[in-house]
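Next up is a structure, given as structure tokens.
Residue numbering begins at 1 within each chain, and the chains themselves are lettered A, B, C, D, E and F in the order written.
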């Protein structure tokens, strides 16, 4: 009985945090390796359901990660990269769209079955208006976001439903383009005006020394991020993630977080702890 | 230009029918062979989107049909039948749930991408409360509907969203049961109090002479249906469908229809024609 | 049966256009000769009902046209014009208000009877705040719009009801003024932020050669309009209409259209065709 | 200043009565002679606006009275009566429909211009489903109400809008029928479940001695009404009015009132006085 | 960090219980000794806020307990009892109303300050319509509930606000009456149709042996309760509480619970445990 | 009867004023001596209920006035003032918070019992974000408003509920600060964008000659106010009140009024008279 009373106490401890965020949008970028492990995936989805139940309005943006590479392989499409960008011809974009659609359907289905309400949004809902990316190179159907249609997102969150969004954009002619999910998340976060943007990754956060998890930077400003990119402290795959955070902060988002999606319930911990986990980036 | 003016005329001709049904629930049972053909499937989904756009509240109930048999085969489960009911052990029910979930996800995803809003509902939403079917035989996890939880359905239709429901039920202990989709549709139709229930099949309707499509019965009463079952005029796979219609009519549904899902846009034709197509059954 | 299947097909063809405009305001300016013919009038009202049914939010602004001249004649008021503006004394404004009120009541009544919901708005609802027009001449109670009270309009469209507005304004002292319906439509369009403004006229659109309907200009920019006014290509009664379009475009409306109200269902054709009819003016 | 303070006091005195009725439907039957005098008409409409402003939900049912007789005369239709019922052929019903429509438009328009929101409802909205009256005589297109479609009425009152209803019914084939406005009011009152039904007449109420206004009966039960009809105390034109009240009371309406529509603001007096005016009939 | 992860786990464990009760009304009767201890009081209020945050609709009914006796003493009113009922003259009822009003204000204020929304409801909102209690004795202004006005309660819970109700009733003349809070809670529970009624007391529940807390009865039926009253197993102050539970169950409430309000967060434990605490009574 | 008809006339006379303000926010600052007299207090609350009933959205900001001085005296806290500001240590702020909370509870309770809906808002709802006041002197926990959280206020007024706000602010660390109620009212008025701000005082308004009530200034501009402060025409306790009005006008409020709260129903008189009472200040 004592243990059970303690558990009730934990619920009540969460009240001030719930109070702070209820009625507000929080955008979660979820992708790559963090989606591979089935246990982790369930943890993330449960966290979203809990947020939804207590009146927070989560918006989930997901990419495709390893599943896309696998699908292209099955389709016999050879993966070429120029300047780190995947060369994307018509066949490639079709495989990407199908794969993301498949992942989207599964997340939406699972959230609904866990008892929340979720609706999938993608290119059919014309959320992301893009133009062809021309720099650093023309790599085909890879787009840059020039406008975000926030109406379907806001209408859905106003109903208490979780929008689950995959990041395929359209240009004015209706051609589909692949869009970097971190960039898309940042643009959507800014356009919607979310309170917080949380990037779920498979590292502990921004590290002062990339080899050493103990060198985690708990909090830094957007300016410090830029300095660390120039100095090479931040490198590799972390660069697009922190850049997305800075983009979001520059368009009015109050805080951005890079946290470890592999830690059980890391999303709830981020929301329901003062200190937080991972790296917090402020404007 | 003349042709285009004629087309505008067609839109306006639909006004009285739209007026009649807007704001009202219409339940569509969709299953089996009618789901196999990709073109047909798209037609049905477009019809649902159109209904949704003009303010009618469609509720879609779907079964799994051939896909379940295929999935069981792949899973190496042998199909046994007693009195026409599939013997359903734990492995079988798991395959059925997975297959229906997969079909559900695809329909929901496609409706959203066609521009409507849809949400999938299944056992996770506890719509169908069942008890184990004991007659005509105990065939395992096959359930009989004893209660319908209409709250999630009504809340969703009130938001202008299409509920897409697959028919797995739960008993009081949370055990999952397969439920005949026709029966489930009838029970949901009655509990929600829909205006109309439409069963999409792969025949033209109820035939006076099973061999001859020209012998289609356009309209008959529930009582006549019972007579025709006894006399053997209605036989085989049509029996559960007409019985479902009669069940729905007995619980307050105003009209039930058995129509040919293979005819392009048969749903819209049923709604937007006085005469209708297929067989109409009245209380 | 085939013809009927084709008709269902037409409904479904409209889906992408419905999707594009649903939930958005479209302002229709309707007046003059286009209101005289009873058949045409019914066509226009049916089109509005259809738009309303599929979730588009039409706002109807109407003038009085020939009916006002007739009413003044009956009232024994002599019509004088200075610089093309009707000299409007107290008797004249009273006749104008009564006549517009009468037309308004009829449109509202007919829309309701066709199955839509409509509410009439006029000077009693204080939509148009005006000051006395002093240029090009003082012609009495003719006003220039200085402010638009959009609250009653938006509240009504949010309920799914069609606002039907006649264009009598008030100054700060509550004195009534006649307002040019094209100007009022433009100001309301801008203040509400409608997606599209459509001016129903009794010509095919803007003609390159006023004598020749075949010289219709399908699309042009606001700048080109200004050039054509200066060059005299646009003249006479078309000038206030195109100027109203330019005013609307300058205050944020995305597209303005001048179309032929005498063509059956021209409103639906404009909305449900890519190419459109009449003349489209872009910012 | 003192007078002005007293006036503020009057507003506050109304609070308990407002509190009692706000959020509740009150049906007002308005017709005949009470509509003839322009001053009286304005008083009644202002009272409705006041009720609407303080959150009461008035439903206005109106007849046509003298205007119909006048219109028939103009149309050259001879008025014949059998057993007190107007013989109603196709021409007659058309004149009646047009006249009621005209009256309806004017009331709706004036309520909107006084600052309330009103929507007209008539045969186009299919409120009254009727069958041909066969007793005491077949007099043509005169109907008896067999069903009331309350949905449009309730939806409108829920928006804070006043429904203004004229009493033309339809049979299943869509044929129009004239319906006695008192009867229609009673049937609508019962179907909607209004709190109060108020019949505005041009007499002071039910009189114990038809010649003497001082013999007004302030309050009586439905049973006493029946007795007084049998004894002949209630006679002539008062009979259908009291019968309508009894019908309403029998279907759940709590109180019915017959009051003098010629007294200024008699509606507000009825609502905002304990004692009331006219005759109150209780179940 | 580990402890913190465990805490997040506790939040997620609550999901199935939240899912079960969200959107449903739960009535809590809170009174007497359970309100005396400040810590306990805060626990109860926090539990209500948590329930409110996760979408459950709590309705709080409170009595006055010891505070009333104290207030009467201060006012110099001597307490007399006949058949266990307090003799309630005009002075007494005024003291009771004031005291309950004071308690009500404090609860409402504290709930709002804890971040929920609460509104106090009492005799001014005419929730409880009563008649004078005549049996077992006439003890003055003590009333028996004959009708419950649920409209203000439901409107408030629909807004996501917690109604906090004290149990003073009115008769038809507006005279105030004291009403037993357990009885009032039962009547309100039945009229509103709550999912659960929870009575917070200062004992562990219904005991088989009144002297021995270990003899707690975890679950029993309404019928067994009646038997235990007759046999004397249930006696004293527990009788009105169990009778209130039986009344509630007889009018459609699904489950009633008598639990120990002194145990920290006993409300959350009752809701978020399968086994529950205290005594559960089923229909 | 004649008198009663006149009373109904008064209700109808209020229509144009109701029409003008319904749906709009009006902020009332209520404090000090105006709260002391029980009759006056009831008048003010009734006026608020009337405003609420006719669809105006009042927002009540109250101070504590004499009650705070009394409470500090009882608590044995000595009142010290520097530059007219109360020196506020931790004990003082606690007494202030408790006293304001008590006053707030009573107003909320009484408004609810008069039949309106009211919700108290205070520091628990984090409306006023402040920083420590440093000029003209550091007097402890006295704050200056740097941000207003309008969300809880707007949500409540949108529900038709009256927010009743006391003016305790928080800094970023959660420390409580006393805030001048006039200043807080002005900041809230501007942030919410109210139509009107009314300051209830215990003088007739701004006087040209402080000794002579007959020298009341009916209307003046914000600029004139500043001139009168410099010239010493406005002095003493009136200065913070007029400054608050000017602050409100500078942030978009259309009109501010200083009126005599001791005059019965002065609030209704201000709203429902063209000429108004007290002093009106325009931008």
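Keep this in mind: contacts are C-beta pairs under 8 Å (C-beta built on N, C-alpha and C of every residue); 3 or more make two chains touch, one makes a residue touch a chain.
Everything numeric here is computed off the predicted structure, so don't read it as measured data.
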{"item": "If a chain touches chain A and chain E alike, it appears here", "value": "none"}
{"item": "Labels of chains that are neighbours to chain D and to chain F", "value": "none"}
{"item": "Self-contact between copies chain C and chain D, residue sets same or different by half", "value": "same"}
{"item": "Size of the rotation, in steps of 5 degrees, that lays the CA trace of chain A over chain D", "value": "180"}
{"item": "Averaged-CA centre spacing for the pair chain C and chain A, given as whole angstrom", "value": "46"}
{"item": "Averaged-CA centre spacing for the pair chain F and chain E, given as whole angstrom", "value": "37"}
{"item": "Computed distance of Cα centres, chain E from chain C, in Å", "value": "61"}
{"item": "Set of chain F residues in contact with two or more other chains", "value": "114-115"}
{"item": "Category of the chain touch graph - line, ring, star, complete, other", "value": "ring"}
{"item": "Going from chain B towards chain C, every chain in order around the ring", "value": "B, C, D, F, E, A"}
{"item": "List of chain E residues in touch with chain F within their complex", "value": "101, 104-106, 108-109, 112-115, 117-125, 156, 159, 161"}
{"item": "Of chain C, residues touching chain B in the complex", "value": "4-5, 7-16, 18-19, 22, 43, 46-47, 49-50, 53-55, 114-115, 263-265, 268-269, 272-273, 277"}
